[in-house]
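Below are two complexes that have subunit A in common, paired first with subunit B and then with subunit C.
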Partner chain A sequence: MASATSANLNAVRETMDVLLEISRLLNTGLDMESLSICVRLCEQGINPEALSAVIKELRKASESLKVQQQQHTKCHFK
Partner chain B sequence: SSSITELLNALCDCSLAGVSWKRRSLGAVSKEIFRRTLKKRAYGALLSKLFPDATKGLIQKLSVTTNTPPRNKVLMICFDLRVAGCQEEAEMLEEKLELLLKVASSELKEVDAVLDLLVHLAGSVPTPQTSF
Partner chain C sequence: MAHWSTFDKETEKETKKLIKCISGMEDEEDQNFQLALKFTWSNFRFHRFLDVDSHKVERSISGIYEKLMVHSDLRKAESWMRLTDEFLNSPLPQTDGKKTDAHYSVLSMLFSLSGSPSNNDFTERPRIKEAEAEDCFDWAKYLMEGEDIDNGLYPDTPVWSEDESEDDDSQRPISREDSGIQLDRTPPEDQDNTNKTVPVTWTVGEPGARAWLEQHVVTPYWVTHSPRFPHSLHLHSNLLNVWDQHLYNTDPLYLPEEKAFVTETQVIRETLWLFSGVKKHFIFQQHDGKVSVRNDVVVTHLTSNCLRSVLEYIAVYGQAVFRLQRFIDEVTGCSSEPCPPGSLSSHNSKKGSEPPFRTYQAFVWALNKYFTSFKEELTTIERELICNDETMTLSAVLERLGPHLSQIKVLHKVFCTGVADVPPATPNVVRASHLLNTLYKAIIEYDSVGEASEQAVALLFSLWTETVRPYLEIVDEWIVHGHLFDPAKEFIIQRNKDVPVNHRDFWYATYTLYSVSETVESEEKLNDSASGSSGGDQSSSSRQLTMVSFLKPVLKQIIMAGKSMQLLRNLHCTEAESSEKSSRDAERKDLYTLFLESVQSRLRSQETSPTNTVTDDQATRRSLIKMQSIVAQHLEMENVHDPLLAINFARLYLEQSDFQERFSGGDFIVDRSSQSVTCQTFELTLRSCLYPHIERRYIECCGNLMKTLKKDYKLLEYLQAMRNYFLLEAGDAMYDFYTAIFNKVQEKESWQQPSFLNVQLQEAVGQRYPEDSNRLSVFLENMDPSRKKHPVNNLEVLTLSYKVPWPVDIVISSECQKIYNQVFLLLLQIKWAKYSLDTLRFSGNVSEDAEVTRKLQEAPAEDVKLKEPVHQQIHRMCLLRVKLMHFVNSLHNYIMTRILHSTGLEFQHQVQEAKDLDQLIKIHYRYLATIHDRCLLREKVSFVKEAIMKVLNLVLIFSDRWQAGFGAWKIESIDKMESDFKNCHMFLVTILNKAVCRGSFPHLESLALSLMAGFEQC
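Here is the complex of A and B:
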């Protein structure tokens, strides 16, 4: 029983590793943490196209925050 | 076994990585406010894709690749890479795709959906610069 669980875990890990390599080759910008969250969301039935839109939107938002913070820091130190 | 809400929250937190909150100057956005904004935008993007406007849906034509299996979409990218002269990358991608078919765990039922996601995100970040 324990060995079956361990074999399953190894198979999942191996699949995740291959998915990460494909992800890197495709320049998706996903790291292992975000990829595993995405895999779990897909397993929950989230539409992949909708999920990709969410990721792109989050990137846009965090990029604009970084720019905003950089500008704020510059103003503060002037 | 986390819920969709928890997973989306985790995804929002991931995108906050790399943002420094320590040297926050007066008037800057707080982490909590920004986290809330991120969630709002994430749900907005998700819902707009899941429930597109009905009238738009009638006008919109289905893309040719809508019903193409994700594995074939990856193979199409391999072809494009070859055409662009990136033989090595194309071969590596094909190898990984074959390997995925071999190792795909029975625990993961939605490998095709994940591949589809990767295809949608393909090229969404710049190619890493090779160092000399």
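Here is the complex of A and C:
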């Protein structure tokens, strides 16, 4: 039983590796951690396109936040 | 959201992770995080996308393949086809089967995320093939990854590398300047047997060198990617790896993180350093005053969560220590050792112009004392740790430090509420009293817990006694030398600079009492103009926890003693007795010393007291046994055989005696050393150790002041003088003065000239009391014309003034003189009425009478009928005169003897007994109020006074008519005078009788009686 589970685990790990390669090929910018989160969410039935839209939005927002903060600190230093 | 399924919760968890992962926000409470979460949820739930269509995805896959082919990216295209195929045929973590919706869904998500796959460089990374990995995965290798298994002679000790080169030395970061381990700058040891370098010049051949190194050099665990130390392979010391493996096995998506491995000894030492106030650590990190635990630190024999929880527990205390230490540094102005409070003023050079805030300094001094002992303990532990003689674990160390840690917790709590929570702009007086109050309250609070917190109480008590020192010194300085020395303005009473001592307002307006309201934390000024004593009382009644609680019971005494002393000092400064004073001062103990001595003697006396408790105990037990037998007898007598009752009785007594034993036994055990004060004794301690000293000092000071005022400044003589002149007790002198005025009035000459009045006064007084003559003077005031209706009011322009010299004018103020003057005017009016009645000459009337008779006899017979009324008129005038005289004399007697004299006697008696100046002032005021009241001068009884004034006025009119002679009399005017008098008289009698019957004014009785007697005879 234990070996069966571990075999399954390894298979899953392998799948994730493959998926990471695909992700890299497609230049999605996801790392292993975010990819595994996405996989879990997809498995839980979240619509993939909605998910990708969210990810894009989040990236945009955090990018602009960072820019703002940098400007702020720059102003601060001036 | 209460009906959320676990599935939803799972999704929520994942969503949060996703947001954290992508946006990098860690704080879930962050507003942005919450926004992102909301946004994500709404997108997940309410989107317009269609479900995944596997055909569409397949088409996309082949589309991308074609595109890559078109771009002649053959390798990529080939990889793409292979990878997607492989993926679609592989299992997913939670989904069984191949080419499921989940697969397509994942792919579809990647498609929509993809950014121009044809443009980026991609080379497929070789992957370990599943089949190979599955069978021969080397777990040992995985677990031992990065570890070095030494096969040498000493498997447990680091291996000495013989390759030496100097070049690596400069690159090794030295990150721990202040934690102590870099004291010897010998380079850390390297464990790798590869060609890593050790820049040491010893040769291995020397036998001492290796041993020395093994003992003294610590692995540079603080360096990133530092080499791992070797450790046992026993299961117990590899719990972390076991746990990791378990996680790896159960969770396919588990990613092992980069870890920094340390040993428990290192953790212990870092803990000790943290507690001793070192600011830079590896395991603990500080960000703006917050101590946190580094995330990636692990020890091999504990899971990271377990270690983390222990370390976080330590970090809390570390933070407390850090904050306290920083406060100590702030107050002392530097990081060097603070000095005792006495010598601090010179030490505190940083703040320069600002005078030192002594209460905080004393508090810091006490804290520092505690920390010194704490650090000693830490050093002992560390020394033992270094010696390596016995096993030491983190939990053992924590247990050993347990009492200290709980004390630090108490200290930190007190510090937070007493010091840290005070807003920065708060004045020192509020800070100081707040701190003292906090300590005081904390002591009481812990005290009430009983023996459970004996340690805390002892600590707080010692802290409090230290912190209270500046206050007691200020009090001491004030009540002994009369000098309120408080440069930092921290004492609750402060001197108003603009009032000089030799000013008559000194007593009232010199000091401001600051009272701090606990609830609103705002400062209120209570000017003790309502005299020091009442000021204190007011505040204590309205606000419970104001000011410095421990001083409240003796605040009045302190204020009185301080003011008295200052006054006394100023009185004495002319006299040369300072040398004597200073010599006495040298051997005098200050208040603080006295307090400490009393505390110690009190605690010692309690130590010896148990003998008493034993006897007490025996007595109570005996009485209990006796009671029991009585009850038993009683039960027998009544023939009650109730075994249950008997058992209960027995148990009751048993319990009680048991309780007795326990109680007294507990008392024996309690170690009452000088530092430990237990159970409810704190307030008692204060009451018996501090207050008596202040009380004694108060009695002494005020007694001295009273003596000086009475003896050297003739206070009593001045009070007598006031009575002499204002209340006409110096009858002869004042008689001369006022008869001169009355004569003038009778002769219809103008008397309202200041020069005339003053000359008369000087003459009258100067003969008998030459020393007072130049103090007394008379002024004329402009009367307001509306009141100038009656002749009797003419006198009201007079103002008698007596110049009271400085220290005495605190008691006899100008307000007092005003009241004196009012009474004086009343007396003068009565005297005037009396005088004008007394001086009416019968003889004149009689001779005129005779003349009239003669005239009448000569007159024709028809005039005879007029004769009868004239005789009647004379008779009626005489009768009226006697009645008026009776009235005026009654009034005069009442006021002069019943009121002024007897009240004066009472007053003299009270003055003799007055303990302090405030009391004397109060007595004097009360005396004045009494005579003012009893002379019916109060506003409330003004109608009585009006009636009296009417009668007095009538008297003056009457005497005027009398003087004018018979011819001027008219029967109507006599009628009018009679009826007026009768009315007034009746009114007064009724009013006074009512008052007397009510019993509220016993002193009025004599007046009422005599007036009534006069009335009945009418």
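For the reader, a short list of remarks on this structure follows.
We take it that the second predicted complex is superposed on the first by the 78 of 78 C-alpha atoms of A that agree within 3 Å, B and C clash if a C-alpha of one lies under 4 Å from a C-alpha of the other, contacts with A are read in each partner's own complex, and residues count from 1 in each chain.
Basically, a contact is a pair of C-beta atoms (placed from the backbone, for glycine too) under 8 Å apart; a residue touches a chain by one contact, two chains touch by 3 or more.
Here the structure is a predicted model, which means the values were calculated and not measured.
Legend: residue contacts after superposition of the two complexes on their common chain; A:Met32 is shown touching subunit C, with no touch to subunit B.
Judged by the touch definition given at the top, the superposed model places A:Gln44 against both subunit B and subunit C.
When the shared chain is aligned, no partner comes close enough to touch A:Ser64: not subunit B, not subunit C. In the superposition on chain A, A:Ile55 contacts both subunit B and subunit C. With the contact threshold set out at the top, residues 8, 11-12, 14-15, 18-19, 21-23, 25-30, 33-34, 37-44, 46-59, 61-62, 65 of subunit A are in contact with subunit B in one structure and with subunit C in the other. Those residues of subunit A whose C-beta lies close enough to touch subunit C in the complex are 5-19, 21-30, 32-34, 36-44, 46-59, 61-62, 65.
Only residues 2-4, 7-8, 10-12, 14-16, 18-20, 23-29, 34, 37-38, 41-42, 44-46, 48-50, 74, 77, 89, 92-93, 96-97, 99-100, 103-111, 113-128 of subunit B touch subunit A when the two sit together in their complex.
Across the complex, subunit C meets subunit A through its residues 7, 10-11, 14-15, 17-19, 21-25, 32, 36, 39-40, 43-44, 47, 49, 51-52, 64, 76, 79-80, 83-84, 86-87, 90-95, 102, 105-117, 119-120, 122, 124-125, 127, 130, 133-134, 137, 249, 252-253, 255. The touching residues of subunit A, when paired with subunit B in their complex, are 8, 11-12, 14-15, 18-19, 21-23, 25-31, 33-34, 37-59, 61-62, 65-66, 68-69, 72-73, 75-76.
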